[in-house]
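Input: structures, listed below.
In what comes next, subunit A is part of two complexes: it sits with subunit B in the first one and with subunit C in the second one.
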Partner chain A sequence: MKINKKGDKLLSIYWFAILVIVATGVVIMVNVYYGSPYDVRQVESGILANHVANCIYFGGEVNPSLISSNGIFKEDFRDHFMNYCTLNFSVEGEFTQIPYYLEINFFKGIDSPTSVFNISEGNQNLKSDCGVDVQDKSKLSKCTSNSFFMKLNSNDVYFVKILAVVSKVNENTN
Partner chain B sequence: MVKRKFKRGELLVENIIFLVLNVAFLAILVLFLINQGSGASALEDAYSKQVALTLDAGMPGTTILINFQSAKEVSDKNKIPFQDVLLIKDHYVTVKLSDKSGKSYQFFNDINVSTLRPEKDANGNFDGYYFIELRRKV
Partner chain C sequence: MKTQTKKINSRGQIGETLTWIVATIIIVVMLIFFILGSSLLSGTKNVGDTFRQSLTSAQVVQGTDLFLKKSLFTYTSIGSDTNKIILDKKLSKMADAGQFNLDYNSTKIEILTRYAKR
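And now, the complex of A and B:
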């Protein structure tokens, strides 16, 4: 009885074709995974918010440059906020947008609806990315919102809300 | 009398070749995966961001020792001097592990990086660590 061995050779070809397909798939998946940069913007915006919070109110003490002894906010603090809080948003390149936005609001008391003093620095256009409800948010800026109560020596209490936004889409996404 | 389908020797050789080829394929795949994970580009991205975030969170008077040993292995392979791997200038952290690549990341903390140097061991060779000292800007 003759045995047809041609089927074995045909099977080997299919087997190696499958191996090549699997290898190609693995290479593509690995390249997609390692080709994506790490997205650290959420952490970065958190660090920025904490940095500002510590600048305003640290160890139970209000920054003396922010508010005078009779409870009046100093305009000089708003004008030179970046210097007082050791922040630098400068970017390289003439047409490069600033990838940060900061907004700080001070509300008198616990449930006051309007802020008595506010500071904003950076690229205001980034604020609109916060609160957008879409499926793929990777191309939107990352926002962190911090809030705390600030008690002055005069026993006045202010509610402070900080919004820190970091863009940097090119460095953190594909 | 039943005729055998294959001769004993042929069956064994074919199976051995088949197994060897499969093992070789898996080995190449695993090596590829390992190489990709420790590639210059991925490490540059990770290190530049780690250092930038560390500087953002740093306060004046802080000294930082950063482990760059994995990066040093790659930079040594690509003949990049270790003292040129990390550069901090104008609020940008740049990590360069090969001639053809490099990654920069901006940090917002307006602090003075007063000292940035690669550490050396007792024999005067770079040990893979970077020493950074932060001071308040005057």
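And now, the complex of A and C:
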């Protein structure tokens, strides 16, 4: 009888040890899986491009602050683009670089190769990350390039090209 | 008799201990396997065009393309027929190059129908 009791105790210790091992394993698995961040930069740059597109051309109407009635682009829109489009690229910290870059080019006509007006905001150094052909692009900024045609009241058609770049490498990668 | 009983008991104990050792090894190996699996599945999870394609494919989700719709709205509101033809050709070219998230022709029909209703 004595021997049996000892065996039971030993078995209880064994089961407890197994329980601890399995629980530790589950904790490690959950931590490993959910500990790594989601890279949302591509989506973020897409949302930024959409926002700018809506700011320029919404519901078939060009933003009246962008072009005057006689088809001349307003410098004031370029100078206060961030305010007009309710954007804010300011970052905390004195030496922190802006993790965004925006570039908008306007081409008169449907097939014109030269830009007649352009707006750029943010950190211009990020632009060089776009179009870089390397295998591991996780440490590069994410770029979204979109374009659309807009029509003025005067029936003039403009081709608008938007480039949105989001850096934020540290926040989105391991 | 006493010696015989002892022998049988110790054999049984050894057998049982071996079973538990093997069971423990299997549990630990399975745990390691699952931990490795979860670390392989994790990594950095990219949320974008390639995120879980089975869930975000065109067959499952309709999706949208703001830029294509803006261009098509411009197309419908252009007065000149020549410009319309040129713009249509240009948009078709862009669609062939895979620049739009939606099917060009079906979206064009959808926008034209909507515009005609108004």
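To be clear about the criterion, the second predicted complex is superposed on the first by the 141 of 174 C-alpha atoms of A that agree within 3 Å, B and C clash if a C-alpha of one lies under 4 Å from a C-alpha of the other, contacts with A are read in each partner's own complex, and residues count from 1 in each chain.
Here, a contact is a pair of C-beta atoms (placed from the backbone, for glycine too) under 8 Å apart; a residue touches a chain by one contact, two chains touch by 3 or more.
Since this is a predicted model, take the numbers as computed values, not measurements.
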| item | value |
| --- | --- |
| Touching partner for A:Ile28 - first (subunit B), second (subunit C), both, neither | second |
| First (subunit B), second (subunit C), both or neither touched by A:Val169 | neither |
| Which of subunit B and subunit C A:Val43 touches, first, second, both or neither | both |
| Larger contact residue set on subunit A - subunit B or subunit C | C |
| Contacts of A:Ile110 with subunit B and subunit C, given as first, second, both or neither | second |
| First, second, both or neither for A:Phe89, with subunit B first and subunit C second | first |
| First (subunit B), second (subunit C), both or neither touched by A:Cys130 | neither |
| Set intersection of subunit A contacts, subunit C complex versus subunit B complex | 30, 34, 37-38, 40, 43, 50 |
| Contact footprint of subunit B on subunit A as seen in their complex | 1, 3, 19, 23, 26-27, 30-31, 34, 37-38, 40, 43-44, 47-48, 50-51, 82-83, 86-92, 99-100, 168, 171 |
| Complex interface listing, subunit C residues touching subunit A | 20, 24, 27-28, 31, 34-35, 38-39, 41-49, 66-68, 70-71, 73-75, 77-80, 83, 86-87, 90-91, 94, 99 |
| Subunit B - residues contacting subunit A, complex | 3, 5, 22, 25, 29, 32-33, 36-37, 39, 41-42, 45-46, 49, 52-53, 56-57, 90-92, 105-106, 108-111, 136-137 |
| In the complex, subunit A residues that touch subunit C | 14, 18, 21-22, 25, 28-30, 32-40, 42-43, 50, 53-54, 57, 60, 110-111, 138, 142, 146-151, 155, 157, 172-174 |
